[in-house]
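Next up: some structures, all given as structure tokens.
In the two complexes below, chain A is the common chain; its partner is chain B in one and chain C in the other.
Up next, the complex of A and B:
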């Protein structure tokens, strides 16, 4: 991360305010130059700070009494976290709803994984020609740019609100995430292995099944589980915003319709427990993957 | 011996696929997922989309309104991410093993980060909605709390990764805590920290749509409004604008990442 040697051609650009001097026998040494990287860093930080200040200044504060609302929120949070309780939803029902949410996440991850497996093969630079990998990458980038909730709502028009639209809509994002992760796992295989197999007369599918998949199996499974963790959170959100079944829908009803803070608290605790358990497993798995696709 | 390996491999594969089948069937039953309807709806959705889901002249008249909301949403995402990053930075400095005060502060910070990260965005949105009602601040705060946990965890990992050797070197020269932080930890970690910041801005623009739907703010509200009033042409315009925004932001952040890393 730290560069110890600066390229010679930028030595001329010396910035006095960021430089330092070292006094020695030969007198002052040159200042530390502000290179392209440091300059970009500063511009980036400046722009993002200015945008933030502008945004904070232009928020409409008049429509709401901020101090009172903040105090109310704190009070609500206190009720949620200190007095969770059940009214309409029994503890057993709540757990069943979580299982439904996990089922939605599982189906999404499975469908996404199967599709992404094939797209990943086409997107890996060592297995497919460059034009094909570019098409796959463009396709995946487009899918990613549409928020999950919009995919779900678009499919809801054709399939109706419910688990079918939620699973299909969420599958899209899983495909884009997993395709990238799988393709990178496939690319880790050494080119010489593929060359050796094709020299011995193996066809493409034989190379894939005998060399690529066995060597990438561990990271594929790990990535798939990491996606499952994300999909669980997504399934909660889709339950709330798109009427898919599961604990998210109950959360939405309790918070948005019944204004039952104690039940919101209980549901939040249950989701937290499951999500943190998944996170613990995911953290363990992360050590088995080298790179981190975003 | 050879046969053993093959038998074991086959048994492992068999077990894996049996488990997969059982879990899949269980999930289909429990979520009442209609497999046939699910798959046929893909084609129906595309057919419907081609026929109805495109912006027409009527939708174009809504363009100024939508652009205003879009600008509001982008600004909201950037601001909530930056403010969350500042708070996350302090938490991460307290939580990292190299700059933390003691091992207890590390455990506490990680725990708090994990709780913030795993409380669903929906819950934040619902709770904030009650007090802040349908104002911009609701969406802004929901995104802030959602980002805070994620960024804290990412920042802790970055600081741990990046700063062992420079920190040791500075400590050996007798630098104070703040000198270590400002001269070693921040400069060495800045590219990676900014990269996380950019990633979070990206994510937040997409999540802002969800929060907007739930709390009635920003671009999510625009979509919801047109969608629920069946004005699909205008809704499609919203989707197209979101796609363009996300891709442009992604391109900018990829460019910035390439230069600073």
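Up next, the complex of A and C:
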């Protein structure tokens, strides 16, 4: 256990009035000399700014009237957000499509969660040998480094562009995200507690279900909800990009195919409403979990 | 009758110096044995070799008629079920209630599935309740363990060990994180458990006077070797200094207290 041996009066000085500095510690900090990393960063920023200025000066605008283009853009935005309307898509259809998108998000979160649960157990340092956790964590970090859309496109090679590729690709990325989150949640339970239970004769599965999961339940639920929200956004994008049906596909058709700005506005509002409702439910649930942590 | 017998037990961790170097002793049923010695002497290592949380390097440990180091996985589990253990930092699942933590002591008796699902019989629950009540935690049964004081947590730890119906309980510095009051309560309970219930206790302690006051026998170890093994009455100030490797008179031991209990 850590004990702070400093006299209390030093701690009294660490307060907002004193600007969070500990008196007695040698005044102002000396300037840090530029290390290699900081130097590289500065050179990089300088080069980027120079290139940007050069590009803006030498750009070829041709027949585009910048002022008119800006006005048109504003006008389009006005149509989208102030005059939403529906033509081909009835409100009922739109809701149905949103439900499909939510289903896609739910399915991938569920698949991802179940697989990630087991991988998370193997990735938790207090539950598995070090070599195993290293392999699991490395594998999962690799998957996570590649964006969801790329995984969908990779699986589209085998499954064809559509909902199957979207489900597999999104599940894949969810697994990696949730495995890391779950493993870290499992690690919240101290190794010594696990030692105590195995010293009393409990076996690994019993310890996992009777001690590790009850301790990690709150964070596991929070992480899963968080991922569900991410997957909802992903599912909208996949509908557009990978033709995975749902409201995203309608948005893509309205925007890219029919150029129906009013419908784009309507769909945007519907998605926004659902996303907000989701957020509210998640926040409420998290609050309830925190109040009654069992 | 000997319940536990250690024969020439040695333990090497990574380095060339042994944590235990040829430790031998026997413990009778119902005996209250205190193990004292300086930090790093090998007390915790000794305790964990007995229930094989640590594998010994050499020597033999007999518990009843079981050769501890030769046990297969299933028999090892049975051995551990019969030996309770309590710890300096209690090692409870903080998020769970007192009763849930105590019932964990029954997991060793269950099939994997019954344990995973947490299916405890009526008798088990009654027994857990009774032990909790005897230890004076009747009002905290459904409280979460992170809301308890240190002394109360340690009593939950004791209850978890007792619900195993153990033949022996190993205590690794059970009062090192407690104030004198709570320490006394815990030690009094441990004494009752040894003398009243006939459960053997092996107790690592840092406080020599507590060991003197409570135990039937004291084992002093230094650098992995047993340097004293005998009744508290024969442990003189000189011998104590030898155990701790200091000049006599430097240790803070209240020798008057040995007659207090």
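Definition applied: the second predicted complex is superposed on the first by the 211 of 294 C-alpha atoms of A that agree within 3 Å, B and C clash if a C-alpha of one lies under 4 Å from a C-alpha of the other, contacts with A are read in each partner's own complex, and residues count from 1 in each chain.
To be clear about the criterion, contacts are C-beta pairs under 8 Å (C-beta built on N, C-alpha and C of every residue); 3 or more make two chains touch, one makes a residue touch a chain.
From a predicted model like this one, the values you see are computed outputs, not experimental measurements.
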Touching partner for A:181 - first (chain B), second (chain C), both, neither: neither
Partner chain in contact with A:220 - chain B first, chain C second, else both or neither: neither
First (chain B), second (chain C), both or neither touched by A:44: first
Which superposed partner A:63 touches (first chain B, second chain C, both, neither): first
Chain A residues touched by each partner, larger count belonging to chain B or chain C: B
Which of chain B and chain C A:94 touches, first, second, both or neither: neither
Which of chain B and chain C A:203 touches, first, second, both or neither: second
Shared chain A surface residues [contacts with chain B and with chain C]: 1, 294
List of chain A residues in touch with chain C within their complex: 1, 189-190, 192-193, 195-203, 205-211, 214-215, 217, 293-294
Residues of chain B that touch chain A when the two form their complex: 20, 23-24, 26-28, 30-34, 37-38, 41-42, 44-45, 48-49, 53, 75-76, 78-79, 82-83, 114-115, 117-123, 126-133, 135-137, 140, 162, 166, 187-192, 194, 197, 199, 206-207, 209-210, 213-214, 220, 223, 227, 232, 239, 242-243, 246-247, 250, 256, 259-260
Residues on chain A engaged by chain B in the complex (per definition of touch): 1-2, 36-37, 40-41, 44-45, 48-49, 51-52, 54-56, 58-61, 63-64, 66, 68-70, 72-73, 76-77, 80, 99-100, 102-104, 106-107, 110, 141-142, 144-150, 153-155, 157-159, 162-165, 167-168, 233, 236-237, 240-241, 245-246, 248, 251-252, 254-256, 259, 261, 264, 267-268, 271-272, 275-276, 279, 294
Residue ranges of chain C in contact with chain A within the complex: 51, 53, 77-78, 80-81, 83-85, 87, 89, 91-96, 100, 104-105, 107-110, 112, 115-118, 144, 160-161, 164, 177
